[in-house]
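Consider the two complexes below, in which subunit A is the common component and subunit B and subunit C are the respective partners.
And then the complex of A and B:
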């Protein structure tokens, strides 16, 4: 069992330092041209000389992580980050330089910023932390693999504390590739009505969510009870995997909220419907992709949201698909990436 | 001649701000004799590589000797003077 003690999230919504998204007065930001860009804070904790070199994904990740390092006050026993793309925008800038300047003298900044481990690496350097430092890069499983890594580390020694999180950016390169591949809706959405648009494709998103995780239950916001990842395009296999997971970990599904990664992509809706059908009629169902958009580590936003819901015992109305008036004892985050990578993360009250 | 050098210095300041992404600095705020490194503009060793690449790309100047680089990359005045003498484009 892993315990989440603190969180910070930078997302397309007013989630940074948490107050506004749950206050009830916050207006949900709608996508523009089917893109939800993250609302970036002023990054006051990042020295200007370092900030000016950072690419978007690095800024998002470090901007979300630094408030947690300050709160913790002592070095974490490890920094564990999941990112699918890292700084893709800087990577493409660097590759373009190679062509533009005929493989001549190249500047180091874009290269340094473009590697996926730039987030964890710079965090280590900025906080003078030379402990375990690793980046998991596995498309839609990047964040879940970071969680599994922490789980194994805490099994070795539950007295350790880790900074765990994920970050991904919308770069013009990956946006255009995804758009050409049919990943995004072609009809523009008006307002935040993603789930009324059941056509192929979804909306693009980005963000970073960071967590302080250790093995101590007291004062935790929430606990992560189980994480399961699997790849399949077969709905029957999906059903078996979810049933098996639920039998092992969720004895009382009535008090379990399903936080679904449904993204209104008509090609993959059946996976989410399958998961919903297994929850039973007495479970509440909520969704989050209209808030975060779709990106490989969007499940980190969901885990952040789930931890806040459990801690506050408040299910924001803008997330609800179906509400049953039960106390929320646990939250099952089900996410699917590109129709093949499925993940289940079960959180419960600490 | 003087007008040309003033023009070169203005252009150089704009290029430095753009290439180094100096977020809070306006080109006109950089003084001609303000040190580029340490106190002054506060650039660091990665910036020095960026500046050497800038000289190569924009003015066709190759600085291969680090000692020479240290003499050139002092302030806007020294950079402009070196560019005038050595530029190939």
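And then the complex of A and C:
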């Protein structure tokens, strides 16, 4: 069992530190041209000279992580990050340099910032942390593998404390590639009504969520009980895997909230229906992609949201799809990335 | 707890298309580094030395019968090594598709080997190539997973030049924790205009064939390669030929600079010492070190200092980068295969192009092929952002 002790989230919504969506006074932000950009904080903890050189994903990740490293006060026993592409913006900026200067004398900053391990690496560097440092990049399983990693580490020694999280950015380039691949809706949404627009494609999102995780139950915000990932394009196989997971880990589905990664992409909606049907009629259902947008590590936003819901014992109206009762003992995050990568993360009250 | 053993491996590199061909080249001091082919789409074609695999992408497709849309050279090299590894371990289709078989790969370049194609797709208004879903590192392992139906946990790790050492470590830990019964682990990278220019912008590419641990070294040569290994629990392998035991592994962070190592090599020192600790060995138990030895000014001196700190009197060591160049995301896995060959055949292979030791450390790598008792081999991989990993393989 892993325990989440603190979190910081930078997302397209007000989620950073105290000023969260849960405060009540903050409105839900809507996508503009089907894109939800993260609301970036002022990054006061990053020295300006370093901040200027940081790519977007690196900035989001480190901006979310530094308040936690400060709070912890001593080096974490490891820094474990999931990111699908890291700094794609820097990657293509470097590419542009290659083409523009015909492979002449190029500045290495974009190249160095574009490597996906720049987030974990630079965090290690800025906080003088010599411990385990890793970057998982398996697209829609990047964050889930980070969780599996820390779970294994805590099984070896439950007295350790880790910084775990994920970050991905929207750059004009990865947006363009994803758009050409048919990832986004062609009809523009108005307001925040994603779920009323069932059609091929979804909306773009980005963000970073960071967690302090250790093996101690006291004072934790929430616990992560189980993490499961599997690949399939077969609904029967999906049903089998979810049933097996629920039998093993969810004895009381009535008090379990399903936090569904539904993204209004008509091609994949049937997977979410399948999961909903397995939860039974007595479970509440909530959704989050209208808040975060879609990106490979969007499940990290969901885990942040789930931990807040469990900690506050409050299910905000803005994410409810179906509310049955108010007692929420556990939250099952089901997410699917592009119809093939499926993940289940089960959180419960600490 | 059952030991983690290696039951199969596969390699493709500039010095051979199989494990056996690689061993023969290592024994015979074959260097796979030469000026890049004239047809490589870069102004460095025919100028800079590079360790290329001289099989065209089209021929790889033909050999492997791999015509899926969007398949890249990186994925094809991975497929080549993957097939050899599963065959040598005699994994059945039922075992590969089983829920307890994990696939953990590593790549730093992924589909960005198609650098010009990525540039076009990133800037195209309409259309787009067949490679839209192939640029990330994950694409390689998603391709393998789909082709073979691998049933268990799947992951891709990118910690730059230590990526596949970390993939091996992650696979071993999945088995140890009971999340997998066996793991197919490895890494791949191939030549890309992108990485070539990246390393060039950092002024660490040599315009000559690289000279690891030599006082006059001028930098590294990039190379392309793929390697996969099959890890299993010893108790499940009573009927199998066990090639070696993975007895130790560790990762630590140098926390000094984004692209160079600290003067005293704190990161390398920690990864080597902690791997020894996990393996329950002392420094004097190590018979041979397959060094990271990229032949950059910074790495070789720092790694030497760290070896002096760990071993006091370092054992026989060498860097196979003088044969195959620096293969980045493949380096940890291919050098793991070479370390296992040291153990299987009780022999060590010569470092090439060495003449004078680094004055501050005086360490001299193995310079001739020799048969010798090899009980435990340490393999080092250090990457950008200070990521340091050490693996220890032992005689079964």
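Quick note on the criterion: the second predicted complex is superposed on the first by the 347 of 350 C-alpha atoms of A that agree within 3 Å, B and C clash if a C-alpha of one lies under 4 Å from a C-alpha of the other, contacts with A are read in each partner's own complex, and residues count from 1 in each chain.
Keep this in mind: a residue touches a chain if its C-beta (ideal position, glycine included) is under 8 Å from a C-beta of that chain, and two chains touch if they have at least 3 such contacts.
Computed from a predicted structure; not experimentally measured.
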Checklist entry - For A:98, is the partner it touches subunit B (first), subunit C (second), both, or none of the two (neither)? => result second
| task | For A:48, select first, second, both or neither according to whether it touches subunit B, subunit C, the two together, or no partner. | result | first
Quick check on the superposed pair: does A:124 touch subunit B, subunit C, both, or neither? Answer first, second, both or neither.
second
Is A:107 touching anything from subunit B or subunit C once the two structures are fitted on A? First, second, both or neither. both
(message) Between subunit B and subunit C, whom does A:76 touch in the aligned arrangement: first, second, both, or neither?
(response) neither
* Examine A:211 and indicate which partner it touches, taking first as subunit B and second as subunit C; both and neither are also allowed. => neither
After lining up the shared chain so the two structures overlap, which partner does A:136 touch, if you call subunit B first and subunit C second: first, second, both or neither? second
Between subunit B and subunit C, more residues of subunit A are touched by C
Interface residues of subunit A shared by subunit B and subunit C, listed 105-108, 112
Within the complex, subunit C is touched by subunit A residues 79, 84-86, 91-92, 94-99, 102-103, 105-108, 111-112, 115-118, 120-122, 124-125, 127-139, 141-142, 145, 148-149, 151-152, 155, 173-174, 176-178, 180-181, 229, 231, 340
The residues of subunit A that touch subunit B in their complex are 48-49, 51-53, 101, 104-109, 112
Subunit B contacts subunit A in the complex at 19-24, 42, 44, 46, 49-50, 52-53, 56-57
Residue set of subunit C touching subunit A in the complex reads 42-44, 108, 112, 115, 118-119, 121-124, 126-128, 132-133, 135-139, 141-142, 145-146, 153-160, 166, 170, 173-174, 176-177, 179, 193-194, 197-198, 200-202, 251-259, 266-267, 270, 383-387
